[in-house]
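Below: one structure in structure tokens.
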Amino acid sequence: MKLIPTRRRRRAVAIAVAALAAAAAAGCSSSGSSSTQPAAGTSSSAASASARASSGQKVTLTFWTWVPNMDKVVAIWNKTHPDIQVQVQTQAGGDQELTKLLTAAKAGNPPDLAQVEYQVLPTLVTNNYLANIAQYDGSLKSDFPAGNWNQVTLGTGNLYAVPQDAAPMALFYRADLFKKYGLTVPATWAQFAADATKLHSAAPGVYLGSFSAVDPGEFAGLTQQAGAQWWSASGSNWTVGIDDAASQKVASYWQGLVSSGGVDNQPQWTAAWNKGMNDGKYIAWVSDVWAPSDFPTTAPSGTGKWQMTELPQWTSGANLVGNWGGSSTGVMAGSKHQQASAQFAAWLNTDPTATAALVSDGGIYPADTAAEAALSAPPTYFSNQPNFWTLAKQYAAAAANVTWGPDVNVAYTEFQTAFGSAASGKGSFLSPLTAVQSTVVNDMKKSGFTVAAG
Amino acid sequence: MAPYAFVTPAVILYVLVLLIPIGYTIYLSLEKTEVSGLGLGAGARRQVFAGLSNYSSALADPAFDSSLLRVVIYSVILVPVMLGLALLFALLLDARRVRFQRFSRLSIFLPYAVPTVIATLLWGFLYLPTVSPFPEMLSKFGLSMPNLFTTHVALLSVANVGVWGGTGFNMIVMYTALRAVPSELYEAARIDGASQPQIALRVKIPMIAPALILTGVFSLITTLQVFNEPETLLPLTNTISQGWMPLMRIYNLAFDENNSYEAAALAVIIAVVMFAGSFFLLRASNKRVFQGR
Amino acid sequence: MALTRVDGALTQAPSTSGRRNQGRRRGRDQRPAVVPTVILLLGAVYCLLPVVWVLTASTKNNAQLFNTFTFAPNGSLWSNIRGLSAYAGGVFWHWMLNTALYAGGGALLSVVVSALTGYALAKFEFRGRSTLFNLLLAGVLVPPVVLALPQYLLLAKVGLTNTYWSVLLPSILSPYGIYLARIYAMSAVPDEVIESARVDGCPEGTLFARIAVPMMTPGLVTIFLFQFVAVWNNFLLPFIMLSDENKFPLTVGLYTLLNRGSYQPALYSLVVTGSLLSIIPLVILFLALQRYWRTDIASGAVKQ
């Protein structure tokens, strides 16, 4: 669908005239036949490029994001880049934004920039909705952990987004209540299960967290830790391993916890769940290093009581965690200002001022390995853990590598349906897993992918 | 030429916002995308003619079939309850010797002013035991609050939002119809010694039958299109999934899964079923309801 | 769906209009009937319950909301309103104005189109009249969700998405409004008046604007109210069409406050307060114009 609204087309012409020829050329090539060869002028990688809109032609970029206070971070950029103004359009959340992004891109009028979670990058890329910005931001490779970089390149020579935050999972627990119920911090999942049983007999109605069928990303992260590879690609074939042994192990494990009553079966992020987190109904939460931005509103009275520790391990002494979410800044293929957009994306995620603002205003853990300066002080909520970010860094280093498939959205929908009824009916978690696997395989086959079950 | 000039704006809008989109939907329902290789890179995904394959895979989808069944059950519960209550209240508003009529009429009509999304949100808060005031009130009587989101009860919980929002409006329609019934008709019945309920049953209800049929047909049409309520409740519970109701499945396919082709096929199927059903219903009641000619 | 309750139903009462004498039916010497009164009041309580809840809940901050008995008011209403006004630079009030614009503007345009069309359908004999009427009525049967995607894709092609028009344009055509306007025109505008105006050489346009519209006015107010509520309630259309927060109506805005994704929990106390504030204007409108909700559609007259 290459119909461009007239308004945009007119603006595009103006810009082209205004000698941003490189950007315009990139726009053509990436929406055209192939986007692999970088255009001439690769040297102007965004890291080194200064704001140059030579003719003084002002460019306004739209940026979809759901990170709170992103407008404050962007204001810093806008102050120093009068020719490239960025306008934040706040979206409801990751899923909601993706929904609208797919539609907008299909209709041919996406924003210039969008915050994109790692797991949906392949969906956008296979639909040809994201621009290849390797020629502008390719030099940033050394700034990011290899795992994150791999997710934004999809293992190719192209670059589809600039990593924003790393999202290694972690366990949060109420230190005071663990003491009260005589629990020790679980180092392994076996101990976590034992704790759950112990807790259930000591205090029925108090839980070591909740299994939420609304959050497939969390379950996916847990299976990564157990060694699952939900998607993998070799040659021109996809392999789908959602129903593999590692995932089955994780599914059976949580099914056991839910049916024994040690873990609740309610969705997260609801008012009821918030209350449970606040008043001691839930005394542990399998979450992620981005949790500090949630806690102040989720459990306002828990300051100084919640603590972060490493995710329990499947084998004692191991050191591996999964990823839950995490996102990047992508430039849309439909953007007429890809170079300017790429320049902003690079600034947002690598400039020390920007990453510092992301941490303090947005509450996210930057993927940029150089952003440590911003992380010296722990989040306010976790001021009792001065080494909070040091721990986060350790977990990030231990995060599993992951390849996402082209229809994660289909998988997640089916997950919510199948696991939703299993969780509320406390039924088997293995058949929903099989259902997700077959739905995904069927969907991919229907679209013409060559796919094998793993 | 005057009449044609008068209807021109409506016809243009009709073509723009209805006919062309419907035609486009039918076109989309006959297309699909096809991927080559890993699907990465430009040109790896093409739109191709799909024939009727979208229709066959839509009809073969068990989740869609169960959502169809669910919406039928939902309508069968909601419509009679809502219209029954509306009729009861309308009769009470029209009855003699009943007090607080003005207050009640305004109160029962009030939910009509509350957008469904917000109404659902408010009920959602009332449903969740940890936030709701009900457990505390029930505990005074030694009762506990049941879980309103178990597999079967969830349907009733959603229906309650519909009843709450729709009763007042239908009540006003029926009440207006009742007020137009000539009073001589039942003064006579009263003198013959008929009781109030008898008058209601034998005189008033038959007199407003056209209003009842129309409210029934239109309530059914709108109930089968239920979307906002379950979509808003979805994040609150594991029970309500994204394909819970047929229109949710269409939305989910089109917007979350980026498969507008199969979504279009589902939309066409639902529109055809609704069209045929309503046409049949309206036809059956036509003579009584619409002014003949 | 947005249109649901508006589309609910309208009907005309039996055409033989005989109005009862209001004074007579309010018997002065009747003792109250207890059981029916109680039933009616129970209905009222059921309908008021969530409204009372939102009234008390909006007086609570987030902590109080989840930890105190929700029917007992606290004192945070003002700070909640201030918090809401401060959110994202006062965007909530933007939403309020947008909603007024969408609902008011959409309803007004809808009344104009409905009045023109209904009048023509009622008062002119012309080829294709009944086909047109049936086609327009059939429009009710097409679910908005079904239309949302193609409407979006088509509007995108002409560059109209994320504009006020993208929400206004699909809100103008109202099959119900046309249906009602036709009935009002039939019953409220006597053929004789039209005939004599034509004999006097009055042009059709002037006849409509100067003579027919004033006669139809009470009915047109009702159409306005229906369409106003329909647009005010609409969620899906603006949700799909708009990406710029500053163009959101209240329903979409409040939804985004509630669903903020994994990074930011919902702003419950703001949502609750926002819900309360968004209901108030509509309640006032209803109370102020409540007599129009009792328009006897058959006679086109407004009952007192």
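When the chains are written out, they are named A, B and C in that same order, and each has its own residue count from 1.
By definition in this document, a contact is a pair of C-beta atoms (placed from the backbone, for glycine too) under 8 Å apart; a residue touches a chain by one contact, two chains touch by 3 or more.
None of these values were measured; they are calculated from a predicted model.
Visitor: Looking at which chains touch which, would you call it a line, ring, star, complete or other?
Guide: Per interface graph, the chains form a complete graph.
Visitor: Would you identify the chain whose Cα-based centre sits farthest away from the centre of subunit B?
Guide: With centres defined by C-alpha atoms, farthest from subunit B sits A.
Visitor: Any idea how many Å lie between the Cα centroids of subunit A and subunit B?
Guide: Spacing between the chain centres: roughly 37 Å.
Visitor: Just how far, in Å, is the C-alpha centre of subunit C from the one of subunit A?
Guide: Chain centroid spacing, subunit A to subunit C, equals 40 Å.
Visitor: Hey, how far is the Cα centre of subunit B from the one of subunit C, in Å?
Guide: Roughly 16 Å separates the two chain centres.
Visitor: Would you please write down the residue numbers of subunit B that are in contact with two or more other chains?
Guide: Residues 125, 130-131, 235, 254-255, 260 of subunit B each touch two or more of the other chains.
Visitor: At least two other chains touched by the same residue of subunit C: list those residues.
Guide: 65-66, 149, 153, 240, 255, 259
Visitor: Of all residues in subunit A, which are in touch with two or more distinct other chains?
Guide: 95, 100, 103, 106, 269, 271, 275 - these are the residues of subunit A that touch more than one other chain.
Visitor: For a test of understanding, state which residues of subunit C touch subunit A in their complex under the given definition.
Guide: 62-63, 65-67, 88, 149, 152-153, 156-162, 240, 243-245, 255-256, 259-268
Visitor: Under the definition above, what is the set of subunit A residues touching subunit C in their complex?
Guide: Residue list for subunit A touching subunit C: 3, 5-8, 62, 64, 66-68, 71, 89-97, 100, 103-104, 106-109, 111, 215, 217, 269, 271, 274-275, 278-279, 290, 293-294, 297-298, 300-301, 324-325, 362-364.
Visitor: Hey, which residues of subunit A end up touching subunit B in the complex?
Guide: So the residues of subunit A touching subunit B come out as 30-36, 95, 98-100, 102-103, 106, 122-123, 125-128, 154, 156, 158, 212-214, 233, 236-238, 265-267, 269-272, 275-276, 281, 406-407, 409-410, 413, 416-417, 419-421, 423-425, 443, 446-450.
Visitor: Please output the residues of subunit B touching subunit C within their complex, sorted ascending.
Guide: Per the touch definition, subunit B meets subunit C at residues 2-7, 9-11, 13-14, 16-18, 20-22, 24-25, 28, 85, 88-89, 92-93, 95-101, 103-104, 106-119, 121-123, 125-126, 130-133, 136, 164-170, 172-173, 175-177, 179-184, 196, 207-208, 210-211, 214-219, 221-223, 225-228, 232, 235, 247, 250-251, 254-255, 260, 263-264, 267, 270-271, 274-275, 278-279, 289, 291.
Visitor: Which stretch or stretches of subunit B touch subunit A in the complex?
Guide: Contacts found on subunit B: 32-45, 57, 63, 125, 128-131, 149-151, 235-243, 252, 254-258, 260.
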